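Heads up, the next two complexes both have chain A, just with different partners, chain B and then chain C.
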Partner chain A sequence: MSETSPLTPGPIGSDHPASDRSWRIWTSVFIAGFVLVSLVIGFVILPWRSESGVDPFTAICRALGLPGSEKIPPDPGAAKASAPASNVTWTIETNRLLSNASAAKGTALAKDTCGACHGEDGKSTDPEQFPNLAGQSQAAIFKELADFQSGDRKSDIMAPIAQALTREQMADVAAYYAAQKPDDLRAADSAVMLKVDLLAREGDPKRGIPSCDSCHGPSRSGPEDAPLLLGQSAPYIEKQIGNFGSQTRHNDVFERMRTIAHQLTPEEAHALAIYYHGMPASN
Partner chain B sequence: MAPITNEQELQKTEFRWAMIVTGAVTVLFAVIGISSFVMALHPPSHVESIDPATVSQSKEFAESNLGTSVDPDGAVTVRIIATQFAFVPRCIPVPQGKPVTIRVTSPDVIHGFLIAGTNANTMVVPGYVAEVRTVFGTAGDHLMPCHEFCGLGHSEMWALVRVVPQAQWQTDADGKARCDISR
Partner chain C sequence: MTYRADRLILAHFGVAFAAFALAILLGAWQMTVRSGLEPAFTSPEAYFASVTAHGTIMGYVMPTLFIMGFGYFVSVTTLDRPLPSLRLAWAGFWLVIVGVAMALPAVFSGKATVLYTFYPPLTGSVFYYLGLVLVVVGSWFWVGLMIWAMAGWKKDNPGKPVPLAMYGNVANAFLWLWTTVGVAVELLFQVIPASLGWTQTIDIGLARTLFAWTLHPIVYFWLLPAYIVFYTIAPRAAGGRLYSDMMGRLSFLLLVLYSLPVGMHHLFMDPEHGTGFKFLQMMLTVLVTVPTLLTIFTIGASMEIAGRLRGGKGLFGWIGALPWDRPMVLATCLSFVLLGFGGFGGIINMSYGMNAMIHNTSWVTAHFHLIYGGTVVIMYFAIAYEFWPKLVGREPLSLKPIRLQLWMWAIGMVVTTFPWHILGLEGQPRRVATFDYTNPMIAHWQNWTIVSMIGGYILLTSGLLFVWNLLTLYRGAEADRQMHYAVAVYPPHRVPSALNGFDLCNGLVLFLMLMAYGYPVAQFFFIKDYPALVHRVDLGN
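Coming up: the complex of A and B.
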């Protein structure tokens, strides 16, 4: 047996050390050159050529993604920027406030104050005027209360009530109503025209109207503060769509509802309201 | 044709076909390489962060400040919010043949920004302001769909970019331009 077994080969290229070395040198040179040329093209030549009005150094810094190198255009409009549609933001603090809220603490408030109109169990005494709150999303109730307090949503009845509450109280009472059991309903799809049924479930791509369910349905994926619609009274829903359409109500951040409501015909708004009024699920 | 049995002939054929394939691949790579070099195609690089949770309170992306604005020095800036499930504003007028800076951000999830028929294309990532600089050559409407799945209403999320000829280009006293359609 020789010193090195056939299973453990010697160093690569040990047969021809000279030719191997030059091969290694030239491949290294080629690869290094290729990388260098690519870097120069990608980070120097292309950014410099495509950036109009930027000096080469800044263009290169921007291409490298160095913070502070970006040229932010002047913004004279910011001086007279409109007030935000709502003060409520979904920051970590807000989310923490909502998740730390106690439904038990909200009970007293619901009994003493809210219950007279919205019902102690969240079933409204007059659903055409006062929305049902049982099973409503906590985030939605909290946001509307906060908007009534700040005046971003106008209501002569709700403004003084909301102004008397702390943020913790709003979160607690929202948690209480979110935990109440709503009536067992399903969308009244057989009661309305087919077209609106499609609008509610699939939207209208031609007009750029997303389906109502994409934000207000049980499997929604839109903004946190979008309320659930099923089980609200038809006249209440229709009135709110009308208020958004006429800009009377404008606490929808980024005009999400105003642009949609503006495009709905009165017939569609009416039919959608009936659809979400719902019917007993056992029917 | 008689089957090739000669070993040398076989190798020659193999070599010829290998050359054709190599040639085709080289041409394809050359097309990509040269066109991206000549047209300066590269992903827009702009690193600027913004708090996505409070975008709605920001001055720059306030409702009144969205859309197209022309500064006193003539620079055109478009500010857009991409949110579930719409672009704000939904129609964006831009002047033909002038450099335009487009600034987009998202308060919620990742959206896509693409202006059909142009090379404006970027992702809109919450937490960052995406910026695209471009010049629109021909007048007319471009579709601007969201091209990154963002939720159930994604397929209804689109806006229009209206390229207006210089002669018809108009702004109001504040330098804002609006489409004459109400959508």
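Coming up: the complex of A and C.
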């Protein structure tokens, strides 16, 4: 085309304005018509025919993504949730509080108060009773402290301690312990049966049990407040699973852990506790 | 052809293909990780950083630079006049280079592992996003120059039809301008403020809608140079003539119209839009098949003309008579075959109902690799083999390694992507680094994954052979530097203004975009929704 070839002039096109105009008109008519037909099918005919039990107006509104005149039935979970499992919500304010927290400010508190049981370096003096906190997620520590304060989680020891703290202090001390170095461990997969290892890593879809690791594993891809489990003592973990299963502990949002723990057999709970107790990573 | 811009074009092609070589290396490595054969290589962090780099280069860097270089070449050779401003062209090039130099280190240091599709609320280093913004802004310089070049030519040649290749080239410039609006708004108003820490939340529904706006037409932006070459070079390479110049113009116009208002077919499973708009965009997606079928018909007819001119007889005899030893003819055929498979998969993807079977599975990855690698990139190879000798004035030493390279690429594409289709139908999710093949439920996936890994290494070999072929060109004999385009059976003397400019086209695109995206975007400003908290992958939270 850089070189025009002097062949027979083709019959295509013309510089005639009338031809240009008819091109413009017919192209536009075709496209607008196609859009119109699609809109009628997509917004009127299909919703009307396929949404049974609603009036046509509502059906069309739904196709737009609007509720229409339809009354949205109340969420059945809403009434039950009138007493929330926890008062902690992961709002921007909470996240900002945590990200502005200072581990340095938390140091004194950790040494004066928490260290007696949980260890100044976050390694518990009695891990069967008091969890290790070194390297625990800041959000999880903060959430448990807030729940002890509000009474959503019951403990005669922790309640008065937490009640004496401000939210900033909780965030600071949580940041302090999150920054401590935990023992170098890995899951004790060789100490348990394969099916327990699978339960931890993949869950059991038949019983609707998700994998423990999906929330409590190293990626912590679940809710913010899920704690890391690796490195807690086996009796402590087993006791907490039992408490969730018997509803004695109930500060799990959406009853996640109560639902799961309820379905675990005592043997599974025991084996999972051993699994997450862990073993030295160098083994 | 008096005017040239060889250094400018070679700079674009050179960087594009260097980045491409890096990206195919990463691709082969990713398949090795997924195969589970070398557990030592298996780190999800490294895998996803690599996927981000692979996608960023293949999606934004390589095609953008290649298409810019291609556009400059077409502009100078078809209009036979200099670029309106060589200085602006170089400025655009350097903006892209600075952008790449900002974005890629952020990716390779693991600070921007968000994949090339961003996935907010994941948010990475601001350098990644700013780098990509510069790439886009640099490409807008190209858009401006292409429109300017065509306008200048039309002013000096009133009433004459714009050369078909240039018409397609400017169609692509307008397409790219429309395409980039979505991602530019998403980056500038949503993602970059979050990555700077200015905002703590991000409206995911809006972000995904804006990205879908870009993510589908971007594929047609990559594809259009291939289509331009089908119409304006392949018939000449086969020794024939273009069956219809008008069909080419119509196809380019329709591709611009119908590739834009369709991105919501990526969001069929998303909750943020009503079913009506998904249906509308599905219907518009169907129309994209029209210019594709027009093209297959026209190029098939052009090839038949060539085959018959070369003495081919009978119903199919002309096929055998085609000059299959010429890389352009071979590449066009391979590209069509792979377009057939990729397009078939695409029809499943864009069907509102059927999409549910394969949504977010390896099937989707297979589809876009077949279209991108099998249809688009194989034509980029053919274009490079066509243009490079003109740019450096050297003939290839031999056509054999060139044909071998094209065959290997096509075979590699089939071996890589067919197993993904099968795995996708079996439910294998995409965007997953590793699978536990000891699990009996999915153990048999490993065999197919290994097959596709072998395909990945065939592609890698072919890609490296491509670079080698370009390098050996410099040792070849002196070549004719004159570029010749295919002549139509009936060269146009006058064409309707609708097919010689873009006023009507842009008006119709505006109408279609308003219908398809007007309400779906506007609703985010009056419906109560819940923005997500930003997750900063570069800060580890």
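What we mean here is this: the second predicted complex is superposed on the first by the 218 of 283 C-alpha atoms of A that agree within 3 Å, B and C clash if a C-alpha of one lies under 4 Å from a C-alpha of the other, contacts with A are read in each partner's own complex, and residues count from 1 in each chain.
The rule is short, and it goes like this: a residue touches a chain if its C-beta (ideal position, glycine included) is under 8 Å from a C-beta of that chain, and two chains touch if they have at least 3 such contacts.
For clarity, every value in this text was computed on a predicted model and none was experimentally measured.
Q: One more residue to check, A:Ser99. First (chain B), second (chain C), both or neither?
A: After superposition on chain A, A:Ser99 lies in contact with chain C alone.
Q: Using the touch definition from the top, say if A:Thr27 reaches chain B (first), chain C (second), both or neither.
A: In the superposition, A:Thr27 touches chain C alone.
Q: For A:Ala63, select first, second, both or neither according to whether it touches chain B, chain C, the two together, or no partner.
A: In the superposition, A:Ala63 touches chain B and chain C alike.
Q: Check whether A:Trp90 is in contact with chain B, with chain C, with both or with neither, and answer first, second, both or neither.
A: Both partners, chain B and chain C.
Q: Using the touch definition from the top, say if A:Ile41 reaches chain B (first), chain C (second), both or neither.
A: both
Q: Considering only the touch criterion stated at the top, classify A:Cys215 as touching first (chain B), second (chain C), both, or neither.
A: In the superposed model, A:Cys215 contacts chain B only, not chain C.
Q: State whether A:Ser19 touches chain B only (first), chain C only (second), both chains, or neither.
A: A:Ser19 contacts chain C only, not chain B.
Q: For the overlaid complexes, name the partner, chain B or chain C, with more touching residues on chain A.
A: With both complexes superposed on chain A, more residues of chain A are touched by B.
Q: Tell me which partner A:Gly151 touches in the superposition: chain B (first), chain C (second), both or neither.
A: So A:Gly151 meets neither chain B nor chain C here.
Q: Which residues would you name on chain A as touching chain B in one complex and chain C in the other?
A: Residues 41-42, 46-47, 62-66, 90, 92 of chain A touch both chain B and chain C.
Q: Considering the complex alone, what residue numbers of chain A touch chain C?
A: 1-5, 7-15, 19-20, 23-24, 27-28, 31-32, 34-35, 37-39, 41-43, 46-47, 60, 62-66, 90, 92, 95-96, 99, 198, 201-202
Q: What residues on chain A touch chain B, complex-wise?
A: 41-42, 45-47, 49-53, 62-67, 70, 72-87, 89-92, 203-205, 207-211, 213-215, 217, 219-223, 253-256, 259-260, 262-263
Q: Touching residues of chain B toward chain A in the complex: what are they?
A: Per the touch definition, chain B meets chain A at residues 36-37, 40-42, 45-48, 53-54, 56-57, 59-60, 62-65, 69, 71-73, 75, 77, 81, 83-86, 88, 90, 99, 101, 103, 107-108, 131, 133, 151-153, 155-159, 174-176, 182-183.
Q: Okay, in this complex, where on chain C does chain A touch?
A: Its residues touching chain A are 1, 77-80, 159, 161, 163-165, 200-201, 232, 245-246, 257, 272-280, 283-284, 287, 436, 439, 483-488, 490-499, 504, 508, 511-512, 515, 519, 523, 527, 533, 541.
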